[in-house]
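Got some structures for you, see below.
In the two complexes that follow, subunit A is the common piece, with subunit B as its partner first and subunit C second.
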Partner chain A sequence: MEHHQSKSFPISHVIGFVVSLALTFAAAGIALKTNLSFKVIMWIIGSLAVVQAGMQLFMFMHLREGEDGKTNLVNMIYAVFMVIVIVVGSIWVLTSGHAAH
Partner chain B sequence: MGIKWDEFFITGDPLILGSQIAILLTMIGAVAGITYLKKWKYLWTEWLTTVDHKKIGIMYIISAVLMFFRGGMDGLLMKAQTARPEMEFLNSQHYNEIFTTHGVIMILFMAMPFLIGLMNVVIPLQIGARDVAFPQLNALSFWLFFSGAMLFNISFVIGGSPDAGWTSYFPLAGKEFSPGIGNNFYAVALQIAGIGTLMTGINFIVTILKMRTKGMTLMKMPMFTWTTFVTSILIVAAFPIFTVALALMTFDRLYGTHFFTVSGGGMDMLWANLFWLWGHPEVYIVALPAFGIFSEVIATFSRKSLFGYKSMVFSILGIALLSMVVWVHHFYTMGSGPAVNSFFSITTMAIAIPTGVKMFNWLFTMRKGRIKITSAMLWALAFVPCFVIGGVTGVMLAMGAADYQYHNTLFLVAHFHYVLIPGVVFAVFAGLYYWWPKMFGFMLNEKIGKWHFWLFVIGFNVTFMPMFFLGLNGAVRRAYTYSAESGFAPLFMLSAIGSIVLAAGFAVFCYNIYWSIRYADRNISSDPWDARTLEWSTASPVQFYNFAKLPEVKSLDPFWHMKKKNEGLTLHDSEIEEIHMPSNSWVPIYMGVIFGIAGFFLVFEWHIAAAVAGIGIFAGLIIRSFDYNEGFHVKKDEIHRIENAWRKTEGEVHDHVS
Partner chain C sequence: MIMSAKVDTSLPLEYQTEQDRMNILGFWVFLGAEIVLFATLFGVYGVLYERFAGGPTHKDIFVIKDVMIQTVLLLTSSFTMGIAIFEMRRHNLKGLITWLVITLALGAGFLFMEINEFIHYAHEGATMQTSAFLSSLFVLLGTHGAHVTLGIGWATMVIIQLLKRGLTPTTARKTFIIGLYWHFLDVVWIFIFTFVYLKGLVA
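Moving on, here comes the complex of A and B:
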């Protein structure tokens, strides 16, 4: 890892850091400085959090690097798929039709 | 702790009293027999502490056969009870307990360990490895499964069986409606066995990804290895859901939480939802390896490469993906609304597509093949039409609207028996006949095998075919009796007669094992079926290090091509190197025992005792963490001696077939 970093200026880390700061301040600004409804605020800052988490996986967590890069990516996509199926699926099933009442 | 000793042993039922006496006598007989034959040390060093994947596999298979007997007895009792209308052989409570344990045992303690046993024996051999990736973890998997299975099995003589169905739906399974401890057995025993299964899944993913021999790329793996790989991924994806659901159930029943109890603000439907989020993939966890076994058997005995290898792989992946998004078809009638039901109807019907692709691939594999009708092949041949009946009725049930008519009837029961018996039981029998010589160095008798086959298949069809029609006529499932006016009596009687034929088939199977152990020819080839994959390139029974020299793979069906080109079959002295193997360990069986004890206390809600036993679990974890045993090296001389014993002097593969 060390020789890897010394080879060139870590431009992706700097970009990642700046973008992370921007996204964080954006979330803080929307939450504290706007008069949007609670629900809208939650949706916006939740989405920003997901964007930031995804960005950090690429910029800091070396998701695609190394010999296992492709595997990692497939694993992440699979994990996201499973989360959507289990969480969103359960909520959908349990809150539609008679089941909700 | 408020121990109710008077409720400890189940009393007052002659059937159960008989079982208690039988269990006691069997245990005394086993202990006395082992002591008399001075086999304790052999048992301990060769089996109980082993980390050898082949021996672990054999122990899985023995447990599975025993559980098959237990689950089968439950089935026969149910068939006896419903043979005539208004029978008073079993009361309703006893009937509830029996269909519950029948379901749990057949799925989790028969189908799963039978397949995992075959996976254990075969997979490292098929990929040219010397063991699984984590041999000691593998032993731990087995002992946790065994511990869970035994804990579940004692429920009918100690404490009382679970009685809320194998699905254990809330609110029935909750403390409010099932106040006894029976359902605690369900929650705790399945949890313990589930930990073992999850570890197996992880173990086989790593084994298959990391330990394939030189040249075996993913697309050169045998089909059974592929299906095991995908099954392992499904295990890792699905079993944690069950773990969580069971943990919530345990909290509800033992510690008064209200995750699923409606009266306490919980959501009973969440249990059904979580159960089937695991339960549907579970169906494919048992079906996929079975498909793999059929692929191996059909290719070998058609003497051709598997037709459509790539489409086979993509169908498996497609089935695995779809299996995660169909779970609601198990509870359409709970009223989840038209959008949900339509979505899940479509995904469910879509599964028929990749399954159909596989069916045609098997048929095309046989086309123009020089088919050898062996016992193993007979099971594969019978699988095709029987499973298609199960599959087509499955598509009928898949339609949410139509399901309102079929649900909760014997039509459904007949459907899933038509899927699971051809899809899993036929497969494990095919696999057992096929791989038996590799495990033990002799073959199961083919003639008795054919008796086993015909009795079992005819019995199976006579038992379950009438249940389709009973179901369509309105006979509900899980009902312990019916009136004479219903007109169900003749078909129920036919079904009961079928179950006796089925049981006779199983008895012949047991007799075949006995006969073959005593009389079968020991002087057989290491490749008696003229097979295609690497497990047949080494000795039978397989030497503990599997391969003296790791084989190199250049194509699909590598052993077939090695035989054709006559390369890679010989072993020169210069090629022998020391082999590094893992040491035996007592930790896995200790963990199995201590988990069983802790689980038992937890079932009886003796919390302090359970906590003390819990310390024993942590002790085992700590001991394992400080275990620096690096295994041992097999010396060249010993390898030389073992290899010379089964190879001819020139070093060829021994090819005598009796």
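Moving on, here comes the complex of A and C:
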């Protein structure tokens, strides 16, 4: 039971935490304190959210760890694909064309 | 049974038996389904978020300071959960339980803030029945909050097992899985923070 006595300091967790906090406050600053257009702001803070979610998956959740690491990765990529289909698809189908009426 | 009896002690405790590895893999598959569940709620909110029906708008009810506090509480709790698993891998049971309790305290703080937020909304006349915007908002936030509530109860029971049985491949696997669940809740919150609160408050 004494092997894989890993490092005594959780460096990757600390980095993940500090970067996540920075991304959170950066997103809030960009959304609330700049005069960029709504579209540009949404693209920037949406990208920051995706980066932060990726950090949680890889640095906190050990996504690719173990013999099923590849399966987990494929599973998450498929889940993200489903999210895009459901969210973007729903919004597109239910809001496009309204301006024409 | 023969498969699950094979123990590979070169791996972290939670991965040592075939059964435990499969439980962890199965939980990842469950998280994939949870992501799709939340996707449907984000989709509904994305369609309805400007249907105010004459009721309050985002800017009328969202309080950015409280949202930031909730975000930092949940983000920090995700970090402390990571530290708990880190301590588990060092076979430090006391450290594991200490960090788990800190995690749950932060989670409870988050829930306290969220319940206060809902009370504040209700006082402003913003309830589930007011508009399509508020219906979809409360369903999305409420589903996330219900998950946090469930997670606190679940983790409490895992802590009791850890106290009673110590660190075994089985308790380590159960702890690892509640850890995955807790991180997942923070991942969902990142998107609520971005696509509900910040989006609603953009000038």
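Just so it is clear, the second predicted complex is superposed on the first by the 72 of 101 C-alpha atoms of A that agree within 3 Å, B and C clash if a C-alpha of one lies under 4 Å from a C-alpha of the other, contacts with A are read in each partner's own complex, and residues count from 1 in each chain.
The working rule: a contact is a pair of C-beta atoms (placed from the backbone, for glycine too) under 8 Å apart; a residue touches a chain by one contact, two chains touch by 3 or more.
None of the values given here were measured: they were computed from a predicted structure.
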Subunit A residues touched - subunit C or subunit B, whichever exceeds: C
Touched partner set for A:Met76, first subunit B, second subunit C, both or neither: second
Which superposed partner A:Phe17 touches (first subunit B, second subunit C, both, neither): second
Subunit B versus subunit C as contact partner of A:Ser96, first or second or both or neither: first
Touching partner for A:Val87 - first (subunit B), second (subunit C), both, neither: second
First, second, both or neither for A:Ile45, with subunit B first and subunit C second: second
Which superposed partner A:Ala28 touches (first subunit B, second subunit C, both, neither): second
Footprint overlap on subunit A, comparing subunit B with subunit C: 78, 82, 86, 89-90, 94
Complex contacts: residues of subunit C adjacent to subunit A: 9-13, 15, 21, 24-25, 28-29, 31-32, 35-36, 39-40, 42-44, 46-47, 64, 68, 71-72, 75-76, 78-79, 81-83, 86, 89-91, 179-180, 183-184, 186-187, 190-191, 193-195, 198-199, 201-203
Subunit C contact footprint on subunit A (complex, rising order): 1-6, 8, 10, 13, 16-17, 20-21, 24, 27-28, 31-32, 35, 38, 41-42, 45-46, 48-49, 52-53, 56-57, 59-61, 66-68, 71-72, 75-76, 78-80, 82-83, 86-87, 89-91, 94-95
List of subunit A residues in touch with subunit B within their complex: 78, 81-82, 85-86, 89-90, 92-94, 96-99
Interfacial residue positions of subunit B with respect to subunit A in the complex: 237, 241, 267, 269-270, 273-274, 277, 324-325, 327-328, 334-340
